[in-house]
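Look for subunit A in each of the two complexes below; its partner is subunit B in the first and subunit C in the second.
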Partner chain A sequence: MKKYFAIIRGAFMVGMVYRLGFIFTILGNLVYLGVAYYLWTSIYETTNVMRGLTFNEAFLYIALGSAVFILLKTYSDWWISREIIDGNIIIDLIKPIDYQLMTLFTNLGFVLTNLIAITIPTALMLVLVFNVTIPYGAGTLLFPFSLIMAFVISYCFDYFTGLLAFYTESTWGLSITKDTIILVFSGALVPLQFFPEGMQKVLMVLPFQTMYHTPLMLFTRPDQPWEALAGMLLVQCGWALGLILLTRLFYLQAIKVLRISGG
Partner chain B sequence: MSLIQIKDLNKHFNVLNRREGLGGAFLDLFSGDYNIVRAVDGVSFDIEAGEMIGYIGPNGAGKSTTIKMMTGILKPSSGAILVNGFPPHANRIRQAQIMGVVFGQRTQLWWDLPVIESFKILKDIYRVDQKTFDDHMGLFNELVGLKQLYKQQVRTLSLGQRMLCDITASFLHNPQVVFLDEPTIGLDISVKAKMRTVIKELNQTRNTTIILTTHDLGDVEALCRRIIIIDKGKVLFDGDVKKVNALFGAYRTLKVQVNDFDESTLKALAGQMIQHFGTNNGISISEVEKHWTDITIDQARTPLADVLSFVMTNFPVHDVRIVEISMENVVQKVYDGALS
Partner chain C sequence: MHRITRYLRLYFLIEAQYIKARMQYRADFIISSIGMFFSSLATLGIFWILFGSITELAGWNFMEMVFIYAFYMIAISPMQIIFDHFWQLRYHVTEGTFLKYYFRPLNMMFYYISEMFDLKGLTQLAAGIVLLVYASIQLNIQWTIARVMLLLASLFSASLVQIAVVVSASCAAFWVMNSWPVLSLAWKLREFSPYPMSIFDGAFRVLFTYVIPIGFVAFYPSQIFLRPEQVSPLAYASPLVGIGLFALAYRIWTLGVNSYTGTGS
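So, the complex of A and B:
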């Protein structure tokens, strides 16, 4: 496994090369949080609890959601599709490593860069600037694990979108569509509780909610009963495993395009 | 058993005939109008462990395609290929451990990182132990002074420096066979010389099998005993490089630029040459680009200096260059039966 650790380390260092860009991401995020703060303050003007969430819970959810979004945003769908289109993928294919694991761990390296350079500073600002109270409970302990699962699931969507480059030369539209679907359906933008009930039911059986809704609810509502917490985690793990396997099968199919028609 | 065995190897690509313009692009979506490109067309050869082969041919001959099949990236359309006893595409990861590859136009180094970091990552990927790693880096430092590049970001390296690093990387895990696809393209003479020293050294001390693709005959002359010439996917010649050298070493191309050049000048030139040097003079003339005329000369029959002075005195020559015979010329001569 040493080889995959080397890949994480390499990607982390590459990510750090671009650290200047982080400042802008942090500033942009601050502006977004400011806007969200006033928006949600006005939503909560006449009531203390909405759809079972207090203002503090709702805002914590939104703010943390944006932090997780930035954490998971590694553009791996973009660089995977680019290396497929320009043919540089053959450089990876001459190495004695599994392509899926290689891209997964490269992505993990980028996530770690994001964590240190963006997510942690944002989280600190959240506490200092917006003065939110952070609840504690069993869910808080499960949150890091849930975040790792969310990372795996998010990676699978990126990987799948990237691999589509074997079939089409413009993955730009596909990437944008994927981002939008995830943003809305995962509860990253607005907590799922605020969706119409019928839609909530549908969204809960789709994988998207496990990327944001699950870890965010563990964090904002850490004092739920054990069965509820465990149930959410189990569903999340199930999706992570399932998607890893599905994308693995998809890779075996997609790589044939290269093997046979030379990409 | 030979290290590499290739028998009746074929790789055919289906290429869509694209139409022009926007409407054409739309029609292409539904098009079934395919052309078959026979990139590799019935190639057979065996390569023994420790050999250094020059695999040469003009652009589009099928060299890279053959290498991509030997490295397991592409699957053959038909035919058999065994490297170390196994078909390369069947177990890519195991096979990758015994191969090193350099694709001249691409780098396998981490573009954004200092050179040494790429080597460290590759060390772990190929599970190279520390001692082997240190010895290897020491050797390359001795041969080409690699150490001074360690701290430099790969993106800032010159083409020659980058290529030396890529070659270092391809030999790092002591592979049984190394494929070098156009490693000298675009390099100046001094870097080429360094490169040749390194390749030769590694072939001799480690008995690494090396397959070198190039369209510079000088590389092959300096390094290889055996040469395989390929064109349009077919092997034209497979044998001792001396045989080819004896033939083409004698050829030089004289490029002349003539003032006020037109069709009649070319005709006059050809006519006067025959008058002056006889019919069996070993000279052939062609206009390659505007104002430039190529005169290919077999020095065994007519000395270059004679042709040069003749042209200089009889025509208003503006500029002159002398070049070694080009790959395209070699291939043409092989077709014409020069080696049979």
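So, the complex of A and C:
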């Protein structure tokens, strides 16, 4: 376990080097929150409750979604694929460390940087500038755990996309497509309740909603009955476990095509 | 005039070679184009979902939003296709490879942008044109030759606004080395340009109209075609905004180029 702590620490410190960047990211997020605030104010112009959500709930969902987005955005698909394409992956492969766990913990280090430098300031802004009321309940307690599961699932998608570099060098297109699908179908940009009924049913059985919709609903509706909360968490854990296993299998397949001719 | 034809001829010669080279990677072209297609339509998809619950957004209906969005997609295409190399400016500056652009008897910005021609951006342009035609048929917009010319002029100017914003943001690399944060902020702001500016008030409207004038990328100029009878004077200011901003961005670029000292290696 000790070696993985060293990895987290290393990634955390690398992330902290680019401090100037945080200011711009926070600034960008502040503008995004402002735009979202005005957009949703316009949407709720004529009514108080829409699709079962009040304005406060919908805005909290979207705003918190943007904070989660920044938290999970570690660009790991980009660096994993770059490592594979330029062959530097070999340096990691000869280490006595499992590659998936190594990338997972590196990622965790970056997530911690994001958490301290961007997500927490954003959350503070949300309370101080936009005056949102934060509901409390059993779901609030489950939220941190759900967020960790969301991280694992998001990491699996990044890892899978990164590994595709074993087969193609077109990683720009793959990463952008992955990002778009996740953003649109997970509830990160618009609450899933607003989707057409039929689409909602499909989206609920896909894994994307577990990255945003699940933790965001736990937070905005923390007073749901226990069975509902437990059900959501169970689905999330199932996906996390399943995707870890699937990407492990995929790695074992993909690594076979690797040929590195000297250094 | 002679100078312009010379540059045009050069541009076609360089790009023809570039495209031939890129075409070796056919799978990459297809995958990138698909990625481009989905990502450029994502925000429109979100609008479509939202309009399942509302009929108007700040007085604009869905088809009008499609028109504004299509205008936006076309207006950002020249940036994507012709000026794409500016994304890499920060690498060239920090690694010192930027020095080579000083050594040719050509305009430096021309030489710099000519090194890349983004084929996948053509997907975005095509999708934008299809959507624009579709929306204007649905909205029953009457096109005369004069209005088509006006449309082309507005698109030209709107694309200059977009180019100016990205060029200025990437030129930050000349002074702060890693310009990625500035660039990604500019990129993020750009995504708000198809939003109806009328939903904003106070500080935000001032910000998007005068400070970082992304309102001029799509919303203000497309008003000329959607609601000609109630256009704000701002819409007619848009051609000037584009030219003025581009001149400013070019000035920033010149300052940066003149102050760059290389990396010493």
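In the analysis below, the second predicted complex is superposed on the first by the 258 of 263 C-alpha atoms of A that agree within 3 Å, B and C clash if a C-alpha of one lies under 4 Å from a C-alpha of the other, contacts with A are read in each partner's own complex, and residues count from 1 in each chain.
Definition applied: contacts are C-beta pairs under 8 Å (C-beta built on N, C-alpha and C of every residue); 3 or more make two chains touch, one makes a residue touch a chain.
Please read these numbers as outputs of a predicted model, since none were measured by experiment.
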Which partner, subunit B or subunit C, touches more subunit A residues: C
Partner chain(s) touched by A:3 [first = subunit B, second = subunit C, both, neither]: first
Which of subunit B and subunit C A:83 touches, first, second, both or neither: neither
First (subunit B), second (subunit C), both or neither touched by A:13: first
First, second, both or neither for A:35, with subunit B first and subunit C second: second
Touched partner set for A:93, first subunit B, second subunit C, both or neither: first
Touching partner for A:259 - first (subunit B), second (subunit C), both, neither: first
Subunit B and subunit C contact sites that coincide on subunit A, given as residue numbers: 18
Touching residues (chain side subunit C, partner subunit A) in the complex: 25, 27-28, 31-36, 38-39, 42, 45-46, 49-50, 52-54, 57-58, 120, 176, 178, 180-182, 184-185, 188-189, 192, 195-196, 199-201, 204, 207
Residue ranges of subunit A touching subunit B (in the complex, touch as defined): 2-3, 5-7, 9-10, 13-14, 17-18, 87-88, 90-91, 93-98, 258-262
Residues of subunit A that touch subunit C when the two form their complex: 18, 20-21, 23-25, 27-28, 31-32, 34-35, 38-39, 41-43, 45, 50-51, 168-170, 172-177, 179-181, 183-184, 189-190, 194-196
Subunit B residues within the subunit A interface of the complex: 13-14, 65, 68, 71-75, 89, 92-94, 96-97, 99, 101, 103, 106-108, 110, 112-113, 117-118, 120-121, 123-127
